[in-house]
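Some structures are shown below for you to check.
Consider the two complexes below, in which chain A is the common component and chain B and chain C are the respective partners.
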Partner chain A sequence: MFFNSLSFAIFLPIVFFLYWFVFNSSKKAQNTLLIIASYYFYSCWDWRFLFLLVFSTGLDYFTALKIENSRSKAERKTWFWISVGVNLGFLGVFKYYDFFAVSFSKLIEGFGMQANPFLLNLVLPVGISFYTFHGLSYIIDIYKERIRAERNFIDYALFVSYFPLLVAGPIERATHLLPQVKVKRSFDYQQAKEGIHQILWGLVKKIVIADSCAQYANAVFDNYESMNSLSLVLGAVYFAFQIYGDFSGYSDIALGTSKLFGINLLKNFDYPYFSRDIAEFWRRWHISLSSWFRDYLYIPLGGSQGGTWMKIRNTFIIFLVSGFWHGANWTFLAWGFLNALYFLPLLLSNKNRTHTGNIEGVSFIQGMKLIPQIGLTFALTCLAWIFFRARTITDAFGYIKRMFSNWQFKPQYFNIERYNFELVLMLVLFVGFEWFNRYKIEPISGKYSYPKICLAIIVLLLFGVYSEYKSFIYFQF
Partner chain B sequence: MQQFIRKIGVILLTTVLLLCLFDWAYTEVYVCSIPRNKTKYVLGLKDQKIDYVFLGSSRVENHIDTQLIKTLTSKKVLNLGIQGAKLDDNYLLLQLLIHNNVKIGKLFLQVDYIFNTESISTIVSSESLPYIRKNEIIRNHLEKSNPDYLAYYYLPFYRYQVNDYKIGFREFFSSVISKKSKTDFTDGFVPKQVKFIKNNNFRLPDSIIAQNKVFNQIDQLCKDKNIEVIYFCAPFCSTVRQSDYIDKLKRKIPSLKDYSKTLDDTLFYNCGHLNGEGAKVFTRMLVKDCMQHEK
Partner chain C sequence: MKQFLLYIVQILVGSFLLSYAVQLAADSGLKKMKNTLFSEWNAILKGTIDADMVILGSSRGVVSYDPDLLSAASNKKVHNLSFNAGSYNLQELKYSLYAEHNKKPKIILQNVDLAHFTLSAQLPEEHQFLPYLDDQDLKKGLGLFDSRYLWVDRIPLLKYNTQKRFLGIGLGSFLGKKFKNKDAVTDGFSPKSIAFKRDGHNLKRLSDPAFKRSYEKDLAQMKSFVKARIKDSIAVILVWAPEYKERLAVGRRLTQPLKQALADFAKEQKGVYFLDMSEDSLSQSSDYFYDTFHLNTKGAHLFSATLAQKIKDLERNAY
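And now, the complex of A and B:
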């Protein structure tokens, strides 16, 4: 059940009605309904994986209590590593086993030996990377005594399985979400209105921007050997907007949906393509994952403290792990590696926190400085996205090589019967619209909200892509 | 909560009104526009005689050089091959031609692996959707063949959204500004570039279905309307010739004229499509075999 599907359009109003009109007597009733709805939502993909989700929830709930009640440090450590081991074990088996088996056999073959790897060929349970990280953050926080273990199983289960964030985040923290699910929610018109606006804007990003860009990006990436430099540059730009529209659109719908139930989720995107350097980009892109890695990996490793080599080591670890989190493929590792290379000069020159605030009112002189900064950051990001999108490392290098060697910039007609430049105007308008609303969570709220709603609906109806159903990219992670 | 429900109501009402408005505007534009696809062109053909009509997929559109046939035979020829078309598309076009009182001297239908496909195609049915409420033939055809018929017919704007690739905003805008199609529909021939692109992945099916319902309907319609029909299979490149699929097809259609193994690889654009030169050679073969005596 995708957020942009008819089934979700039926599911959401039903749950909303039951939540506010039938199960509104107590927090327990509200949470029980949301748990049932969440498990139904998840089972719509594959009901068999529901057992995995319930098991993972039960394990973390139980081990968290055991950690907290441990009488010795050793016992505490044992329960902690059981939980971490089982959680990462599931992730490893479902997501990474085949990759390692194939890579190892290729390595063996490289030495002239015969290898016939045993592959599991398992279907990846949707959202496993997200709910595993949910559980891990909770367990680590308990172990580090930052929070108390949750005694109420329903409240904890809702924290892990809450349907708006279940399959593609944002990756919530117990300190943020649990206090909200532990109290009875009452209806707040302003919050619900914002939620509707955010859902609408998320749909525009997904159905209009991401899905339109996907058609063009696919046409370029799947046939890059016959593309000229202009098409290849545009292909990378189209993919940059495809993944942004897709994932930030999904996050907007998730956050908006959650607001309808009186629960605020963590912000996941903050206009990342207006970043002035890569460090700022990573503070604005997939914020919940970046901050997860910062808090649970980078800082425990020593962060930016210590010597130069430690900083370099930690930077590469965090970006490589982040890349690998996205998928078991060398392309994701290369993407992470490239981002580490981008980030390192800023870190070593202590400029990684130069741009932390919003871009305030811009004068002409400031604009002249901003444009190259934003442009360069966007170009570097697009270059990295090529690795993220390419099927193999060879394809990625082939794509980049051709982009810088073909040197032809004529309009090209794709096999999808579209010219390469056709989407540029739409993207320019989209960027402009986002630029002028960059201080807001979504651009619809505020003055003239009704005309803006009408405009969003018109854009959705006229420019949305409905013919070829596409799921959200981040569901595969 | 009341305020919220009112807001949702206003949004839903706005959406429904916009859907109705867009549905009306799109339909009017498509009905009044110049032909931008072969379906619309066929809808405009009325009360005339065409000596040779070719139906099929891109293996007709790219292969049948209509101008050459006109030069060689001095007859009126129409190439109605459409890229990606299936027998279902061909059947609908044939029905429209007959309905519009177009007399067909001889019908040429290209049949190959598409014989294995009975399912509906999105090509002609998509292009015909703007006329679903105005054309009886289209309505009847889609009612029988398309599982989404009721939604297409009754839900405003649904047909344009679901088929946006063919009849969405891009096509609507091109129709509004009367942008001419690259294809000359009076001719219908679209030659491929000269370059041969290896297409080693292309394979003919291993097995053949017992019978094709749509093929039988076309055959029956031609018999009923006394239309002489020639079934033929256009050439394939050498890498797919090992397959015995075409032999199986010939057993299903004994009158099938098999050209699948007739041309050299140098005359191909890819394994299933001839280049411009190949199309000329193949067209001459067809003229010699099927039209020469009528000159």
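And now, the complex of A and C:
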């Protein structure tokens, strides 16, 4: 059940009405309904993986209590590592086993030996990377004594499997979400209204921007060998908007949906393509994952407290792990590596926190300075996205090589509807709309929200891609 | 909560009304465009044609049969109902919609050729239906090809999602803008003044010995359609319009048995006539064609004049 599907359009109002009109008597009733709805939502993909989700939830709930009640440090440690090991073990088996088996056999073959790897060929349970990280953050926080273990299983189960964030985040923290599920929610008109705005804007990003761009980006990436420089540049740009529209659109729908139930989720995107350097980009893109890696990996590794080499090492570690988190493919590792390389000059010159605030009122002179900064950051990001999107490392290098060697700029594929300049114009308008509303959570709220909503609905009806049903990219992670 | 539900209703009603207003403007803009496929459907669905003789066919029907010439020669009101890129099932659909809203004709001129006997699985030039999707009969008919047509008009503007260009054209026309119409349609006839271009790919396909087709099922379908018209006391004249000599040569092994079957059918069925004009003198020169299958404007006029004469002769001798 995708957020952009008819079944979700039926599911959401039903749960909403049951939540506020039938199960609104107590926090327990509200949470019970949300758990049932979440498990139903998850089972719509593959009911068999529901057992995995329930097991993972039960394990973390149980081990957290064990950690907290341990009498000795060694016992605490044992329970901690059991939980971490089992969580990462599931992730490893489902997501990474085949990759390592194939890579290892290739390595052996490189030495002239015969290898016949045993592959599991398992279907990746949807959302496993996300709910595993939920559980891990909770266990780590308990182990580090930052929070108390949750005694109420329903509350904890809801924290892990709350349907708006279950399959593609945002990756929540117990410190943020648990206190909200532990109290009875009462209806807040403003919050619900914001939720509707956010859902609507998320749908525009996904169905109009991402899915329109996907058609062109797919055509270019799948046939890059016959494309000229202009098409390859546009292909990378279209993919940049596809993944942004897709993932931030998903996050908006998730956050908006959650607001309808009186629960605020962590912000996941903050207009990342208006970043002035790569460091700022990573503070604005997939914020819940970046901050997860910062808090649970970078800082424990020593962060930027040590010497230069430690900073470099830690930076590379988090970007490589982040790349690998996205998928078991060398392309994701290369994407992470490239981003670490981009980050390095800023880190070494201590300029990685130069741009931390919003871009305030821009004068002409400031604009002249901003455009190349934002443009360069966007260009670097697009270059990295090529690795993210390409099927193999060879394809990614082939794509880049052809982009910088072909030097032909005649429009290709532009005679087909959707591939023509209408899409470029649509993106320009989209960027403009986001730019002038960059201080807000989403551009629909505020002044003239009513006409903006009507316009968004008309845009959805007219420019939405409904012919080819498309999943969300991040569901595969 | 009440306030929120009211807000949702406001959003839905507001967006619906706005979308509906935009759609209404675009629809009426398209409907008022003269000499287009839209004006054709207007006339069909409003029942303002009431022709004595109608022409059915696919693209060859559209570009070859001049109702004016046929009308002048026969003293009958003639209208071309041909369906560009549509074979017999689409032609039948268009005819049934015509018959539903207009007076039944006395004569049907049915263009026949190889393309006629190939079932259309998809709807060509779908934009032509845009402003008429509220017509239940049309909707039902189109629903046989694409079930989307059964519900798409219930959500305003959604029907323009895959035809955005026509939303712009419709709104422009609504606001009084005139559009250049290079494919003007008059009484269903849309001649093409295009220089001859050899469609080698079609000839290659036809000349390939591996290219075989059985027309039995499609022929039976056509026969039942014709018989139903005969029951309605409508005479049916099957006409095989001229084809360029190169195509005639490569297609003979496929067309010959079909022509024979049509001639036999005409012989055995009262009220059915078959005029094989495929090898008319026009077929000898590319001056009359824009490809090996389609007559150009000059060819269409000459062919229509000859056909008018033949129909006159037929009328004199047969009925």
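Quick note on the criterion: the second predicted complex is superposed on the first by the 468 of 477 C-alpha atoms of A that agree within 3 Å, B and C clash if a C-alpha of one lies under 4 Å from a C-alpha of the other, contacts with A are read in each partner's own complex, and residues count from 1 in each chain.
In this section, a contact is a pair of C-beta atoms (placed from the backbone, for glycine too) under 8 Å apart; a residue touches a chain by one contact, two chains touch by 3 or more.
A quick note: this is a predicted structure, and the numbers were derived from the prediction, not measured.
Annotation for the three-chain superposition on chain A: chain B and chain C clash. Of the two partner chains, neither chain B nor chain C is touched by A:120. Judged by the touch definition given at the top, the superposed model places A:466 against both chain B and chain C.
Of the two partner chains, neither chain B nor chain C is touched by A:107. With both structures placed on the common chain, the touch criterion links A:362 to neither chain B nor chain C. In the superposed three-chain arrangement, chain C is struck by just one stretch of chain B from 203-211, 221-229 or 239-247, namely 221-229.
Residues 20, 187, 189, 192-193, 196, 450, 453-454, 457-458, 461-464, 466-467 of chain A touch chain B in one complex and chain C in the other. Here chain A touches chain B in the complex through residues 20, 187, 189, 192-193, 196, 418, 450, 453-454, 457-458, 461-468, going by the rule given at the top. Within the complex formed with chain A, the chain B residues making contact are 1, 3-4, 7-8, 10-11, 14-15, 18-19, 22, 157, 161-166, 168-170.
In the complex of the two chains, the chain C residues touching chain A come out as 1, 3-4, 7-8, 10-11, 14-15, 18-19, 22, 155-158, 160-162, 164-165, 167. Residue ranges of chain A in contact with chain C, taken from their complex: 20, 187, 189, 192-193, 196, 417, 422, 450, 453-454, 457-458, 461-464, 466-467.
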